[in-house]
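Here's a structure for you.
Every chain is named by a letter (A, B, C, D and E) in the order it is written, and numbering of its residues begins at 1.
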Amino acid sequence: MSLQHYLVISSILFSLGIFAVLTRKNAISILMGIELILNSCNLNFVAFSRFVTPAETIVGSEVFRFDGQIIAIFGIVLAAAEAAVFLAIILAIYREFGSIRPDEVDTLKG
Amino acid sequence: MVVPLISIILLAPLAAFTLFAVLGLAKRNFPRQDYLSTFAMLVALGCSLLLIQEVTSDPTPLTVEWLSLGSVNFSMGFYLDSVTVIMLIVVTLVSSLVHIFSIGYMHGDPRYPRFFAFLSLFSFSMLFLVVSDNLLGIYIGWELVGLCSYLLIGFWFEKDTAANACKKAFLTTRVGDVGMFIGMMMLFAKFGTLSLHDGTESGIFTLVEGLSGTGDMVWLSVAGILIFCGAVGKSAQVPLHTWLPDAMEGPTPVSALIHAATMVAAGVYLVARMFPILTPTSSLVIAYVGGITALVAATIAIVRFDIKRVLAYSTISQLGYMMLAIGAGSYVAGLFHLTTHAFFKALLFLGSGSVIHAFHAMHAHHDDAEHPEDTAHEHDDNSLVHEHGAEIPPDQDMRNMGGLRHKMPLTFITMLIATLSISGVPFVFSGFWSKDKILGGVLGRAMEWSSVHHYILFGMALLAAGITAFYMFRLIFMTFFGEPRNQEMHDMAHESPWVMVVPLIVLAALSFPVVNTIWFNKDNFKPPKQPHIHAPQHAYVSPDSKIGDANFGFSLFGVSTAQAAEEDAGPDTAHADDAHHIHHLAHNIAMVLSICVAGLGILLSWLFYHRRRFSAEGVATTFRPVYNLFWNKYYFDEFYDGVLVALTVWKSRLFAKFDLSFIDGIVNGVGKVTRDVLSAFIGFFDNRVVDGFVNRVAEVTWAAGGRIRKIQTGAIQTYLFVVLGGIVLIILIFRLF
Amino acid sequence: MEPLKNIESLAYFSPEILLVVFAAAVIIADLLVKNRESELVAYISLAGLGCSLVAILITNSLINSNEPIPLFFGMIRLDGFAVFFKILLLLATTATILFSLRSEELDVKLKGEYYALLLAVTFGMFLMASSTNLLMIFISLETVSLTSYILAGFLTHSPRSSEAAFKYITYGAVASGTMLFGLSMIFGMAGTGDLSQISLQIASVLESGGVSTLSVLIAITFILAGIGYKIASVPFHMWSPDVYEGAPIPITAFLSVASKAAGFALFLRFFHVGFGKPEILQSIDWGFILAIVSALTMTVGNLAALPQRNVKRLLAYSSIAHGGYLLMGAVLLTPEGLGAIFFYLIVYLFMNLGAFYVVVLIANEAGTEMIDGYRGLATRAPLVAGAMAIFLFSLTGIPPLAGFFGKWVLFYAVIGEGLYWLAFIGLLNSVVSLYYYARIVKAMYFETSEDTNGLSFSTGTFALLSVFAIPTIFIGLLNIFYTFSDKITLQ
Amino acid sequence: MEFTLKTFIFYGFALITIASALAVVTVRNIVHAAFALMVTLFGVAGLYVFLQADFLAATQVIVYVGGILVLILFGVMMTSGRLEMRIHIERGQLLLGGGISLALLMLLLTVIANTPIWKNLTDDGTQLAPTTERIGQLILNEKFLLPFEVVSVLLLVALIGAALISRKEVRD
Amino acid sequence: MLLSLMIFVPLLGMIVVLLLPRESEELIKRATLAFTLVPLLLGIYLFISYNNPNLEHLWKANAPWIDAFNINYHIGIDGLSVTLLLLTALLGPICVLASWRNIEKGLKAYMGLFLLLETGMLGFFAALDLFLFFVFFELTLLPMYFLIGVWGGPRREYAAIKFFLYTLFGSVLMLVAMIAVYLNSNVINGVAEGVRTFDIPTLITLAGTTGHALADSTFQMWVFLGFFIGFAVKVPIFPFHTWLPDAHVEAPTAISVILAGVLLKMGTYGIVRINMAMFPEGLAIFTNGVGIVGNSLALLGFINIVYGSFCALAQTDFKKLVAYSSIGHMGFVILGLAAGNSAGINGAILQMFNHGVISAMLFLLVGVLYDRAHHREINGFGGLATKMPVYTGITTLAFMASLGLPGLSGFVGEALSLLGAFQEFELITILSTIGIVVGAAYFLWTLQRVFLGQLNPKYEDLPEINRREILTLVPLGILTIVLGIWPNFALDMFSESVTNLVNVLDAI
């Protein structure tokens, strides 16, 4: 369970997220892909926080620095906010285009 | 006195023209432009005569900085020697007479004032050319007379023939002028100046001495020949002579003044002026060109029926004669012939004008129906240089004339005098003396050096002299003798008014040597040096001294061939005595021969055209090829056309290839080749290739824009492909570096 | 200087706080005001911007020369750089609000939210300009992005607007996700989120071989995706034409100027502070990659703009191209380059906003965004056409308009670094750009429309137009604009 | 590395996470995909636990599974009308997408392999103090106050925006 | 001060004109005329009082402008610029007069733009700061673009944008070169010290200082090329010339006049002022007579002459013919400049001035005809000399001047250029003389087709040229004649400066 394990897992998650984003024909699936990407990032941060960042000493007990973890928390929050807005926009698209297939939303081009 | 006199000579005609131009801008006419111009000319004439007394003074009385460029300067100034004075007098005199003649001849023309204004402008330009002391000034005058020639040939510009002829004249002479300009550039590059003789001894004439015997002779020969090119154009020498016959489209006084007496003689004057820089090679080239011209033009003249064209070819021939003389070293003889020729040829033209005028009275105006066949003849307006073989207008066709001596006695007599003069009838006529001087000079050279070239040249000159006599008398016989061939026209004919006849009489008087002698006796009329040409056995040009003091080679009836020989031989060389002897002999032989050929020519002419002992037509049939050659003017124009045809075929192919839409069927003139093939090709090149390249770049740019647009499909996932693919690419590309 | 603690920082943070407060005030006022036609909320927003401006100027006076103040434990930093961008952004927002007041596209019922969102996005951009910590960078970026998505999709009854928002968010989410991954890698390498620390750490681990060049390069490239998408550089530009075309015109104007400026602020700070050390540049010449990217960006922007018929879209591509020009200055890492960007941004602010304002006006009056709709404008509305011509030629870079001077300082900086090829490409591009800008001018001046009725505009319109046009003419001619940037440095 | 229960569980979590993520991106039924995503999120939460990030693991479960996933399911329902929606995938796009994803994966693995400082950092098994309190301190009192406040603005904006955009506007 | 006044009075005029009410057209025209007459008077004053024994720039004004780049508002004149300033100032009122009746729409804008254009041109010729020089150079673009595009012929849009794109392309290269010069302006022996400068006289001095970065011959070559292409587009030199026929044909008469009369001169003026004076080493590379490169400048001149002439011969559009003839005549300028000797450069500069006058006349004349017949097809006329004798006379004068008839100004410049060029490039110069013959050919041929022959019955009622039109032509005609007779009138102005320049060139 070394750092590299986590990194490999997060890399795979990231690639899968990218794959979803590139290939899925449903806006919501794309959103899922994005969530995978964000999760992989968070996993990275937490892993680095655990293994890389130097320890700090606070009132006698030694803890690791939590910077990475806190970034991950913010990441989750941002992901949530983004998901909310994303879904709202998907609804608007659905309303206007009657479809949420990304390739059917292509009136703007050229 | 000199400078004011010359200034007046120049300014008087210029003022006459300027007044016309200024008033013209205000859309007015000076009511008596004719008198004004004539008066101006007479003033100039008077001043010119006064100048005779001044020849001995400083040769460059006035030099002003014209262009000062710091290190290089061009000056303008007057150059006054006896040649200048003679030319001045010839020009002003002939011009005055032509002015007077025109008052009658051009009467009633709608553009009557303009005619005189142009004449004034011409006179100014010609005089400017004559008095200039540097090549640039000569060139300026040279081109200006060309312009006037253009304007005056095209005076009746409504006629397409005239419009074409004037253009042809200008362009053809310009070809020669460019050669002259290149020659000037060479001289300038070498000497850094264009002044001939600027008083401070840094003119070309002085500098050229320094070249003597150096390796620059070839270069100098080329420069000399190039300068001569200008003369070839202006003096209508072969092969650029074709414009002069066409120039007869202009009013006849113009032909007399410009295309007989003065402008065309300017070429001879130029060569004479530039005599000091001529090398043996260039001299020989000049002589040959002159000789060929003399012969070619003379033979063509035999078969012409248009009275003016006969005279035109005669002019060409005589100009060739002069060139031959100068080229062969008979500098004085050439100039002398120039002078005598100016008078008798002007007389001939004016006389023919008088005849035409007489016939012309049938027609109210020059411009309507002067050429009834105009409408029938399809003139190609699109040709740059037009038409050499225009139909002969009926009032100029000698076949319509005959027996006019009774109708127009004064005209007849004066023209006869001129004809006798040009034919070289001995002793009483000036033409004889000048022609004899040329023949003697050339023969003298030939004998002195045993030069085959000069024997050939002498032969040419002699032959030309005989032919001249023949066709001139042919003209006289056809026009004034025999029975009227066109009775209707004959009945209309009448003697011209006095304003036209008086100039004829004056000119006739001038055809006697007594008058000429007056100014040729000037002491210091001497040929210039050619000091650089000191090839030992070819020292044929005399430096100063003795000849300088000699008079021009003849005195009234006191035939002084000895004197002439003296001039030619030159005193400086070791073999001066031999030379004298040879030249003496040569002049005697030449005189005899020339009298013989002239007599033979006149006799034949009499037999053919007066006595009708022989039939000209019969001879023509017998010698059909020769006749055709003459009739078609040695196919010069056809040659230019022929080159053209080949090029036109090529042109058509070219056009077919490039799918151009316009093809002109008719082939006409050298200029057309240039226009249709070269310029069309270049125009095409400009549009398709140069512009096309730019357009191609623009198209590619646009297409690239279109491509990029296509990537912008509107589908978001495409964009994401680009983003993520882009990341991969950036990393990979950077990795490769 | 030691980073200030939270409470100490507040005073220096007042501009941002004011923005948030006014955003809240706008929402509350919106609830209270019954009259939907009232423009009160807009004026409140403007007041907020004004207050913020005053606060910025006050805080600016607190900065000692060249001594930046780190705030909130080093999360953000107050320095001349940030102040410059804040003022620029405030101007852009002000202009956008003024446009919005005159735009007939926007739904009057949603005014409160609209202005609140505009203030919020400005707030986010302020943070983008001053962030010095990876976390703050990401959060500020996301704040701006999320708000922008909403603003782009603000016209709920317009399919174009929704589509724009959809594309924008999809694109943005992927890009920022990628960026976040890159940030995490950098975090993992440096063990800290603070930019200046990162700079030191990365330099030392690179030197010690603790990380390979390639790893850093990949991380940087991932981050570039996020920043590049904000400044719309190739290959991260593709969202912008569609979004610009679909979004409400004032928002398009805002995005093309403010969002881009904020993106550049972030870009400059991130790369110059985090990766500008010579040691890092020695092993990873990202400047060179970005030089190529900038060349590509302007080329693609200009070429793609050529065939456009929609003025808004055309301007979108044009702003991509201008992003490319700016990027040239950004890769130089010289004070000249930095100064050039500052100067160019000012010029760009006026000319681009001016052009968009004309688009707003024409969309209102003639009801079209197509070039054909501009036909005969010279006779129908000569002043507007004249102003538009000034903006367009300034965008092209024709003297004596400010755009030329902007380009001049940029190319001067580029050539000063010996990048002749880049300058040459850039200049060729400005030649190409003439063609499409001139197409609009051509339509306005050389063509006639069937409809020859004059268009009437209010005095306020002309006043606003001249606010943009006059600086566009004169900025370049005045000495003062060239000197201010000397004081601004990035440490 | 010795093979203990802990490692076994770790690998289990890892496997579950990856497998379910694979399912998220491949299954055709979007609802199935959503459930697969839930499993992935749980898996990641488990990994957080292994990283001794207890607070984070809890947050992950609550926010993601409890919030985002439900949101997604709502989205699915509101946009398709029925829960099962077939997803059509084009082959070319699939290949290209797969290619790019793989390329990125390779790049990332290269980074991992080429970063010596990340090597040999293994979990030494030290038990750490619970993180919650410290996180609270950091966020509310210390370094991360500013991001926290900014995120609150962000959330407000997202809230307003989402409401604004998703509400059904009557066209006029 | 006077010089600044001269430059900016038209700008002031533009503002005034734009403030006038649109309806009062007469007032607008008169005001414009007045505002163009002021520079003319000042120009004449400068010309007359110009006396420069020390070869310095006179009437200098020097004020700091943009400190950051050491850019100054530095203007001044020497003999070369005063000549061209006078030309510009002279053409100003003439063009206003020529536009008196035939501007049908937007008169106010037209006049305003024209005045702006005049400021740009005057400023360009007076600028002594490289940056200022460039700004004025470009300042002419915008008004020109609009003047062609709005008031031009049927293909005006194409012509306008083509003109604009070409010139902008050229100036882009110039900009690069300019920045390079500036950046190197303080580098001596590889060490940068002191401030950089845009000051043209200073730069010229620096470029002649041994060891200075600007004096490096490779550097000079590249910078020379940059500037040269920029100016070449403007001249225009083959193959950058294709904008010119289009622009000329489409532009309204007065604008063609300005285009041919002044704008083309800006290119050659730039070549003299910048390329030759500042980069003699660079120049030497292209004019040392060795190989293609060493002859390239002269070759370009030759190509321009022959190419322009033949293209002119192929035209059937009167205006296009004149336009191509301009290309040919500018070739003489290039050829003369390439010669680099006293005769060549003096001739080239004189030719610049003369061509400005003559081509202005030609375009005015074409305009007169076009205003009456509403077409310019050469073959569509014929025999006009009978109906319009005065017009024919003036046209003949202009044609003759243009084809280089001695006694008129065209000849002097042409001849001097050729004389100078012959000393350096014999063969090329000889070949260039083809242009003289062809020049005569197309002008005479045109003269014949338009004016000679039978009167085309369509034009029985063609009115003669009117007084206003004559008024526009007479000053030019007088100049043509005066300069033909007494070229020192202009040559005296600049020959000393040229001598100076030649000394610099000879030192290389």
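The criterion applied here is as follows: contacts are C-beta pairs under 8 Å (C-beta built on N, C-alpha and C of every residue); 3 or more make two chains touch, one makes a residue touch a chain.
Since this is a predicted model, take the numbers as computed values, not measurements.
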Touch-network distance, subunit C to subunit D, counted in steps: 1
Where subunit C and subunit E overlap in contact partners, by chain label: B
Chain whose Cα centroid lies nearest the overall Cα centroid: E
Interface ranked first by C-beta contact pairs: A-D
Centre distance in Å when subunit A and subunit D are each reduced to the mean of their C-alpha atoms: 5
Approximate Å spacing (C-alpha centroids) for the pair subunit D, subunit E: 71
Separation of subunit B from subunit C, taking each centre as the mean of its C-alpha atoms, in whole Å: 78
Subunit A-subunit B separation of Cα centroids, rounded to whole Å: 98
Of all residues in subunit A, the ones touching two or more other chains: 7, 14, 17-18, 21-23, 27, 31, 47, 52, 70, 74, 78, 81-82, 85, 89-90, 92, 95, 102, 105-110
Residues of subunit B touching at least two other chains: 709, 712, 714, 716-717, 720-721, 724-725, 727, 731
Per-residue multi-chain contacts in subunit C, two or more chains: 135, 139, 142, 146, 149-150, 153, 156, 162, 165-167, 170, 174, 178, 185, 188, 214, 218, 241-242, 307
Chains that touch, pairwise: A-B, A-C, A-D, B-C, B-D, B-E, C-D, C-E
Subunit A-touching residues of subunit C, taken from the complex the two chains share: 134-135, 138-139, 142, 146, 149-150, 153, 156, 158-160, 162-167, 169-170, 173-174, 177-178, 180-181, 183-185, 187-188, 191-193, 241-242, 245-246, 307-308, 313
Complex contact set, residues of subunit C against subunit E: 378-379, 382, 393, 396, 398-400, 404, 408, 411-412, 415-416, 420, 423-424, 427-428, 430-431, 434-435, 438, 441-442, 445-447, 477, 479, 482-483
In the complex, subunit B residues that touch subunit E: 21, 24-25, 27, 65-72, 114, 125, 136, 139-144, 147, 150-151, 154, 157-158, 160, 162-164, 166-167, 170-171, 174-175, 177-178, 181-182, 184-186, 188-189, 381-382, 384, 671, 674-675, 678-680, 682-683, 686, 690-691, 693-694
Subunit C-facing residues of subunit E, complex: 64-69, 106, 109, 134-135, 138-139, 141-142, 145-146, 149-150, 156-157, 160-161, 164-165, 168-169, 172-173, 175-176, 179-180, 182-183
In the complex, subunit A residues that touch subunit B: 18, 21-23, 102-103, 105-110
